[in-house]
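In the two complexes below, chain A is the common chain; its partner is chain B in one and chain C in the other.
Right after this comes the complex of A and B.
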């Protein structure tokens, strides 16, 4: 764990950096890329709840993001619903569909759950692609209106949209930190560490897992709704499992089961692919082996590694100070990111 | 009558291709308990290998099939030695993510070499076979005959030879197999080689009546997963029966329900069955 004394100042500095970023960006395109990275980070933070904290590899996450995006797209373009109304409906609808999908898929464990959700994700993709009277099919939905202004604030340029996305990112992270540090969050982690043990401790496995699933699909839906208003064009391909794989890469690079890991990974990998523009289509030639090498040699990710080092250092200094005292306490801390 | 016969023929063709892919998947699952998400990519590489050997080197169709099987078998063995074997003590999550990494790499690699566009393998047997008033394209009959022939040979190999039975033994009980002196490394190399070769043969058989493109493995692998969940993970007869069930469901569904939604049928079937029987159709083989 990070020591509490400098955790808050560090967060404040990071937030300040994020706020002044547009002033130092060379052009609007960089602001655009950063905003996209934030949106992907919100989705990845949601996936991390079910994958990193609860230990269930949900491969349908991009599908739920697409449900959120399509809800906004269909409601605003075809039915003239105001953006923010559609935005709220998008999150709720993703969560409701997530509830039923979770109820069904979480009856399966481990590998079976992952395979089943892979199929669920593909079903979402096929339905979006084939049901063209509702979803515009392979053509996708174009000219989605940008988020309408709230009071005096307008969201009609890249700058203001950047701050809008940043606002939702901060809210998402704050909410996630409340969730994972609550008793409920402990229950999620207990399930990840061992389902049998968690059940023995009196945790209702099914109910807790479905709750984690619903929360994570809610995040996906919100990210999708933001994406629709920001990019203003959506196609069925966004539901494909390859986008879930992107998010898994973000989480693994940044640190699985850590609060800021998905954000760090999303920013790093987005800029990496941006700087290697020629790689755009072939980025998976790099990402694929990267995923394999990460799980083989560096499964804890950047933040996980850093935390481990912190904990080891803290343990060492404590040992120096009180040679007689036991260091079991700090070793328990090390165990939290297993 | 003729239309019905066409659907049966379609179902058998699809079913036998699916069964070959599902067999490889279920064999690997039986031994290592890894859901090999990269198996569909191996299938895709098999199709490209055959396409390359026939198209660029002018090889005979059957030679190309053997060549593709060899290359993909080697690739599968390499993936075991370099990745899955080293992750054998890691949490299951890591195996799955590594398999996904391999899948992404193979797809992007093939796309870098051959591009994202569709390719066609020229049909080696474009003839139409006529029996009384029933017509059948020769390639479909070849697919069915070759697939069932191969399954029969595989069955003989697994049950009648000592090497084959080591695979079955390992799948049934890992520790027991090690106790009687079965070499785990040898068995897993063998299993990966067989599974890769089966995927390549299935792809080469299906390629003349289908298109070749980098993401062609996605649907096939997902259907293969549906098949082995329905048939019981690790169960060999389950994979064959499951393959035929999905093949028939698709061909009849496409004809009597909707062509547009035919790819969803397999998944809808899965959702339906798992809603009522989370343990799959043949629970003895399944470890849900």
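Right after this comes the complex of A and C.
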């Protein structure tokens, strides 16, 4: 559907740019900010699966990211579990909790689902904040160990952690690409387009939606686990819905329902926030109008806008070729269409 | 093929469908007509599983399907179209159709992760099916157009194609010729006949009486949720109750 010939080279160039980025960064702080953007992108890619592809606005997404982060924090700091073991458990636990939360909340549709998940997210926040003995309460968890080295590779400095995060980002995007371009992805998209029609086509709504929900919470959990090992301090506020809204902003800016939209949005908005840091809270005065303009002129986000142009051009060229071919056979074609 | 026994659906105090008993024969064109609000679409919703009947039974192909979910009913071979079809406008027509055959495939999430042969075969089969049904409804020429760019009549045909992609035994068409011009209506009627020649059974709701009278083998007339008549077009045309409730005196004279 898109011109695939130059898609692969473009991806290779982007990956190469990401790989050489630390060498050109002025200082370690830039590498740190970029790594953080990648982690947020992984979470946003997950949210995009349930929001952008399946059409269900889950406002508890930051809560599931917090579950992943706290799983790593609690297991490594209080129980001495090795980082990577905790990392795997974090992903699985988020997905398991996501399964039950999804089973319950996906009984509701549209706005009701969103409001319900808003409450689920807040419950996760409250549990983290109030359950001192397990989660350290409002104090948060400090001194979370950095990811332990694998073989000769160590993850104790910003550079190596950048590459670790980049690795997981690439894996996340690769897996998401598989999912959304498969028959399963088509089933998700069919649900977004119209639940009634999707059901008529024999798609089991509940099962398919729960699967999308679980996958998205798994992504959130993994992103949270990476976050814990990278920032090495976590507090209950990370479960708040304002972080979900940050991720929604990434998705809207980059392109809802596109593979790379969440990543582009995460990078752009993270750097924009950084460069407006000197304005402190007044940066929202710049931020707000920018977002409004974007939604007005690029409602599909930047990549969505670009994709639509591509698709239209491809369709037009197909049509041209067909017209040229059918000049002679036009009578025949009219005959079969009538 | 499709047997309806004492079907009733109440929404609170409103009885949308009241004690309807009828049968739809295999490989025939069956039409449901009646004034607005007669319960025609509710009837379709009951048969395709969107509503659970208050009382009554629905037997499809000798199997009791009463109370099954829409996706289960679809898997058994009941396809339907809606008055308006929600397509993914930013994808091509062909892309929109591929998911239609998903219910006949078996690949799971793990096939997707591992990119197994089964998944590739399933995807190949779905694409082939999409091309086949698109050809059947005469839309091969717009396969690569964006769904946003096709005409209303082509949209109707795509809706047919989606229904056909599920490999159904019976197709329920809700106002297939709604919003298209008389010439295009003839084309759609011909397409419905083509579906019968292929061995399908059709059941349709329609307001265009000329189309119904020339097309249908059997007509069921609903009024205020009740079946007031059933029979051949000739019988329906001369039925006094139908004339009063729906057709009007003019049509009877014609």
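Assume the second predicted complex is superposed on the first by the 294 of 338 C-alpha atoms of A that agree within 3 Å, B and C clash if a C-alpha of one lies under 4 Å from a C-alpha of the other, contacts with A are read in each partner's own complex, and residues count from 1 in each chain.
Criterion: a residue touches a chain if its C-beta (ideal position, glycine included) is under 8 Å from a C-beta of that chain, and two chains touch if they have at least 3 such contacts.
Treat the numbers as computed from the prediction; the structure is a model and nothing was measured.
K.L.:
I'd like to know which partner A:8 touches here: chain B for first, chain C for second, both or neither.
P.N.:
Neither partner.
K.L.:
Give one of first, second, both or neither to describe whether A:287 is in contact with chain B, with chain C, with both, or with none.
P.N.:
The answer is first: A:287 touches chain B but not chain C.
K.L.:
In the overlaid three-chain picture, which partner chain does A:126 touch, first (chain B) or second (chain C), both, or neither?
P.N.:
In the superposition, A:126 contacts chain B only.
K.L.:
Figure out whether A:204 sits in contact with chain B (first) or chain C (second), or with both, or with neither.
P.N.:
So A:204 only meets chain C here.
K.L.:
A:196 in the overlay: touching chain B, chain C, both, or neither? Say first, second, both or neither.
P.N.:
second
K.L.:
With the two structures laid over each other on chain A, which partner does A:187 touch: chain B (first), chain C (second), both, or neither?
P.N.:
A:187 sits against chain C, while chain B stays out of touch.
K.L.:
Look at A:296 in the shared chain and tell me whether it touches chain B only, chain C only, both, or neither; answer first, second, both or neither.
P.N.:
Touch status of A:296: first partner only.
K.L.:
According to the stated criteria, A:115 is in contact with first (chain B), second (chain C), both, or neither; which is it?
P.N.:
In the superposition, A:115 touches chain B alone.
K.L.:
Which of the two partners, first being chain B and second being chain C, lies in contact with A:313: first, second, both, or neither?
P.N.:
In the superposition, A:313 touches no partner, neither chain B nor chain C.
K.L.:
Flag every residue of chain B that touches chain A in the complex, lowest number first.
P.N.:
33, 35, 37, 83, 86-87, 90, 92-94, 96-98, 100-109, 111-112, 116, 218-219, 222, 225-226, 229, 233, 260-261, 263-264, 267-268, 270-271, 274-275, 278, 288
K.L.:
Hey, which residues of chain C end up touching chain A in the complex?
P.N.:
My answer: residues 48, 50, 69-71, 74-75, 79-80, 82, 85-88, 90-92, 95, 98-100, 102-103, 105, 107, 109, 112-113, 115, 119, 122-123, 126, 138, 141, 144-146, 149, 162-163, 165-166, 186-187, 190.
K.L.:
Which stretch or stretches of chain A touch chain C in the complex?
P.N.:
Against chain C, chain A makes touches at 1, 175, 178-179, 182-184, 186-187, 189-190, 193-194, 196-205, 211, 215, 300, 307-308, 311-312, 314-315, 318-319, 322, 326, 333, 336-338.
K.L.:
Going by the contact rule at the top, pick out the chain A residues touching chain B in the complex.
P.N.:
So the residues of chain A touching chain B come out as 51, 55, 57, 104, 107-112, 114-116, 118-120, 122-123, 126-127, 130, 241-242, 245, 248, 252, 281-285, 287-292, 295-296, 299.
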